[in-house]
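Encoded as structure tokens, here's the structure I'll be asking about.
Chain naming follows the written order as A, B, C, D, E and F, and within any one chain the residues start at number 1.
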Amino acid sequence: MTTRADGRALDQLRPVTIERGWSSQAEGSALISFGDTKVLCTASFTNGVPRWLAGQGKGWVTAEYAMLPRATNERSQRESIKGRVGGRTHEISRLIGRALRAVVDTKALGENTLVIDCDVLQADGGTRTASITGAYVALADAIEWGREKGFVAKKAQPLSDSIAAISVGIIDGTPMLDLPYVEDSRAETDMNIVMTGSGKFVEVQGTAEGAPFDKAELDQLLELGAKGCADLTVLQREALGR
Amino acid sequence: MTTRADGRALDQLRPVTIERGWSSQAEGSALISFGDTKVLCTASFTNGVPRWLAGQGKGWVTAEYAMLPRATNERSQRESIKGRVGGRTHEISRLIGRALRAVVDTKALGENTLVIDCDVLQADGGTRTASITGAYVALADAIEWGREKGFVAKKAQPLSDSIAAISVGIIDGTPMLDLPYVEDSRAETDMNIVMTGSGKFVEVQGTAEGAPFDKAELDQLLELGAKGCADLTVLQREALGR
Amino acid sequence: MTTRADGRALDQLRPVTIERGWSSQAEGSALISFGDTKVLCTASFTNGVPRWLAGQGKGWVTAEYAMLPRATNERSQRESIKGRVGGRTHEISRLIGRALRAVVDTKALGENTLVIDCDVLQADGGTRTASITGAYVALADAIEWGREKGFVAKKAQPLSDSIAAISVGIIDGTPMLDLPYVEDSRAETDMNIVMTGSGKFVEVQGTAEGAPFDKAELDQLLELGAKGCADLTVLQREALGR
Amino acid sequence: MTTRADGRALDQLRPVTIERGWSSQAEGSALISFGDTKVLCTASFTNGVPRWLAGQGKGWVTAEYAMLPRATNERSQRESIKGRVGGRTHEISRLIGRALRAVVDTKALGENTLVIDCDVLQADGGTRTASITGAYVALADAIEWGREKGFVAKKAQPLSDSIAAISVGIIDGTPMLDLPYVEDSRAETDMNIVMTGSGKFVEVQGTAEGAPFDKAELDQLLELGAKGCADLTVLQREALGR
Amino acid sequence: MTTRADGRALDQLRPVTIERGWSSQAEGSALISFGDTKVLCTASFTNGVPRWLAGQGKGWVTAEYAMLPRATNERSQRESIKGRVGGRTHEISRLIGRALRAVVDTKALGENTLVIDCDVLQADGGTRTASITGAYVALADAIEWGREKGFVAKKAQPLSDSIAAISVGIIDGTPMLDLPYVEDSRAETDMNIVMTGSGKFVEVQGTAEGAPFDKAELDQLLELGAKGCADLTVLQREALGR
Amino acid sequence: MTTRADGRALDQLRPVTIERGWSSQAEGSALISFGDTKVLCTASFTNGVPRWLAGQGKGWVTAEYAMLPRATNERSQRESIKGRVGGRTHEISRLIGRALRAVVDTKALGENTLVIDCDVLQADGGTRTASITGAYVALADAIEWGREKGFVAKKAQPLSDSIAAISVGIIDGTPMLDLPYVEDSRAETDMNIVMTGSGKFVEVQGTAEGAPFDKAELDQLLELGAKGCADLTVLQREALGR
């Protein structure tokens, strides 16, 4: 049987912690960790929407992802100093935004804007999936803040579901859940799966880093991912006290 | 039965044309069209590799994607004038590069660099999948150019397989192949599938734009995509005279 | 007698083709070729003018020029990736804009904006003169589109004349018309001439790349250029079916 | 007698905590808090120096400061997205670097580079002084790491002293130590003082935000600052276990 | 006794000239020289304020500092070509703006904007202090221009005081006034002092470039600076014909 | 007879002054004025050439043009702050560089680099022609500096001729020499002429701002320009003491 370096079962998450309300400044926040990966997620609530959306009775949710320069084992140059945001950063920011919007009913949100910032303080694989999972907690709290302030209608249900994400991959031919950097860098196939609390897919992104994969392998990965997302959904509910 | 606006069957590609060798300047090139989507793909062959790769006996393949400002129905501002490359552009450039590298044996390529440019001259949905499909033809010709010049070893097989891509989506609950803009903008789920000529997956990117999707829908989409990629593989072979 | 590499007479244009309406998206378009130089010109018509011009009853015409990275024999880096538009690009964009505005009566155009994009798909000398010549065709069609839509008054004459441009130069002491790259790179003097259909000058830009030139040489170049522009004027009329 | 909003004495620091070794990736690190201000300081040790310094037998120490977008009460735009680093960020980065270099003997450090990143996770006044104070702890640990790895000579003393910094200011005519945002924004005069562990000045930056100040006021501020830096020096020693 | 390279006493300014009204374009201007340092200061007066300040009955004063590429002994790259403004430029621009605002009563100024540009034509130490000193003269004239045009109320006193600045430093243990480059580059401690005409401090910025400094040294530097600012105040009054 | 606003004859230059050696920092310099237009030209001499030119025994001459923000009647934003160099700036920089290179024998110059900076301190039309005319004086002195230092061979003749430039234009149908802003802004045709001291053309740039122009008008403008350049050549010789 395959043993993982950290002794986990193939379908087991790393230790996950969610420190809800870590920030005293943001309307919603969570410091989430998937093992050594730590992401600070803050949700900023603003009454009103960007000009191009005004007057339609709908809200707006967007996200930005970034990594501190020394989150990783080798220091990388700041994107602010390079003067441009890299392709990877852009791509993950867009992914997080799409994932969150999939469970937001913008009509019910009303003309309010939520900006979710996911800043990776320490990186050890799975930063995008930890970001999505923590961002949901921050988002949920910021929406409740907006409700208390009267910006969101009392009986409105802006959140149609919860959302969580996890990585899966094939290493040495074996599908595994929640890859740390040491596994991720060796994976032949790497997949990120975003699912709702009710178990439907919102995003499936699989890439053959080495050998192409077939339908059977794809099915195994999807199953592992569904298990991981279900486990995260439980942890999110606990963090939110529901 | 569902009728599509352009009269196509649900599993039918739009008319595809591949003008191989369209450019008299590049080492390999193809002007590919998927219906009204037209992409000029050029492959630039350079003997030698970037400094960070030198001395390892391996080659390098990368890709850049861009759209002319009036490729679309409304003119968009040039990224050169904005002074930054947008997230979508970055994301697609990276996707094309990954797709091509999946069928390149960089050891067999030797210390040579291939840059594939995919410039969308006219856009009507499916620009990234047309880009990948056309890029493969340009790449194949540029590698043969390198062999003729003696930069690639006579018996080397730098291409382990061919690569093609297609979009699929669910519109009004019905899965369909190769979406033009009018369908794409209405799709509840949108998926891009990249496959090798031998029928294995290299990249699967599915996104719920509207309602989340379930495993059964995902399976239907994968099947349609496999059919489309197989059809494109035949057209690529014909274009390359094989 | 001097023989040119491609067998042309000294005052003879390269083969010129104008594919009017090449783009199905733009309000006016032309794919123009001067020998191996190919430029896609699109004209985008927008009802209304930039804020700084509003309320004066006048329209606005501007142009942008760019080259695909592999239009030339060696690939050049994209200006979008460099993050800045180069001096040469700026200079030619401004030249094309000035040339077009010289034949547009902005009062007759009314408060409408035309943006002409000239994207060089393949470059072999004379890209700026081909751009101006093709841009006029795209512009003329876009204005007619605006008339049909009711944005331009029925009897208005926004175009006071046609406009065309050609390069001339002195190679080994001999003045010649319409230089491809191989001649242009050897020219002692290089001149671009922009003229109206009625034979007047709009722009004369002559530069001594090698030895300075005298008045007699200048006069010869101007005469050759006038001949070339007159020939192009005929081709423009044919393309526009007039 | 003047009472401060948080009940502190005029010459009293806010609660200070220093979590040494917070990061598992960096060679030295500290999460420092001055009240609600929280800064993550990481020190990255690289053997070797930038090219312009090579071969002189001297090391290099530099620092970068930045704030997370939602560190403050209102979200600010990321500098990576603006495409440029703001004046305030630049100024503080330069200040931190100068402060650290004042206690580093670059000859004793040898040809090694230390980059200190100070990222403000939460801001409530005094972010630059907390950064300097925490950066010293991260720096000290990274130098010891370098010594253990053999990059720094066994008996070398790269640190000639410790360094700490604190803000002082005059509010309603009363000089006070360590201003949180609510005080800082009302201060007539605002001063940042950087001092060595042995009680000498490295940097004094005083600015009249309201009324200009006289020599007597300046002397009072300097005395308060000296007291605050001495208190921080004790805390730094404790954190470093000395 | 210490002799300075240029024969000056320790508390003596370099020859200072102020050519008031040097520019025929700006509303106020001065070409100021401190020895070989020459700075062109222009003040641009605009009726109205930036949008974020509108309707509050207050004016706005800001400053920008820059150096010509060959102001210094070695040519430096233009910041316009680098595409970003350097940290030092930002820092000095902010300093000049703060210094000027310290003597402007923005209520008395009314809703008017003053932009002061300080462009260093030649640099030999003390460019920021010469800039502040010259900027005051340009500012004073521009305010009078605004009064003549009726934009500033007849009896309003927008200037509460005058402002001047000078550098001081410790070289080989000896405090000195107004350092040219040759002294500045050797200084152990370097301080810039900004004072009002009535002798109060607006800004004190002292930095230990070499050994840290103590309170006694700081006091000596402040005294020298006060003397220098008083001398400059006299010269400003003469230049303004008061 | 046409009278000009400033009383000049149609073929008369504005008062021209050339302060040679204005800068104490640059190897060559001139502060040139054409009426109220004032340009500071500095020439920076560096032994050695850019890497791409090394080893060919040839030198390099390049130029950069810029305007101070308040050189003009209305303040314009700094290009360093915009983060990009405008089209006009680029175009004029390139023009100055080409003009100077036309009289430099780069073989005779040897492997040395000259960067000419032309910074417009005050603008009243003709800034590019004043720049070229002043730049030649700065260049000539910098080359002599290089000869004295032994970087340029004793008997080498790097300057094959002198170079000067002037603007001409047609206002109300009348051709005139050396247009100040008030004339330039009304000109129907605007032309810049760059000529060698021996009376040959290096650059001719004519643009119809209003009505297109014919050959007869062009000839008149060229004659006026030749007269103006000849007058400037005399002034350059006087400034250089020849």
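The criterion applied here is as follows: contacts are C-beta pairs under 8 Å (C-beta built on N, C-alpha and C of every residue); 3 or more make two chains touch, one makes a residue touch a chain.
Given the structure is predicted, the values throughout are model-derived calculations rather than measurements.
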| item | value |
| --- | --- |
| Where chain C and chain F overlap in contact partners, by chain label | none |
| Set of chains adjacent to chain C and to chain E | F |
| Maximum centroid distance from chain F, chain identifier (CA atoms) | A |
| Per Cα centroids, the chain farthest from chain E | B |
| Gap in Å, rounded to a whole number, between the CA centres of chain E and chain D | 28 |
| Approximate Å spacing (C-alpha centroids) for the pair chain A, chain D | 33 |
| Chain A-chain F separation of Cα centroids, rounded to whole Å | 59 |
| Computed distance of Cα centres, chain F from chain D, in Å | 51 |
| Junction residues of chain C - those touching two or more other chains | 83-85 |
| Traversal of the chain ring from chain A via chain D | A, D, E, F, C, B |
| For the chain D and chain A complex, residues of the former touching the latter | 23-26, 29, 36, 40, 42, 44, 46, 64, 66, 68-73, 75, 78-85, 89, 115, 117, 119, 121-123 |
| Touching residues (chain side chain E, partner chain D) in the complex | 84-88, 90-91, 93-94, 98, 102, 161, 195-196, 200-208, 211-215, 218, 222 |
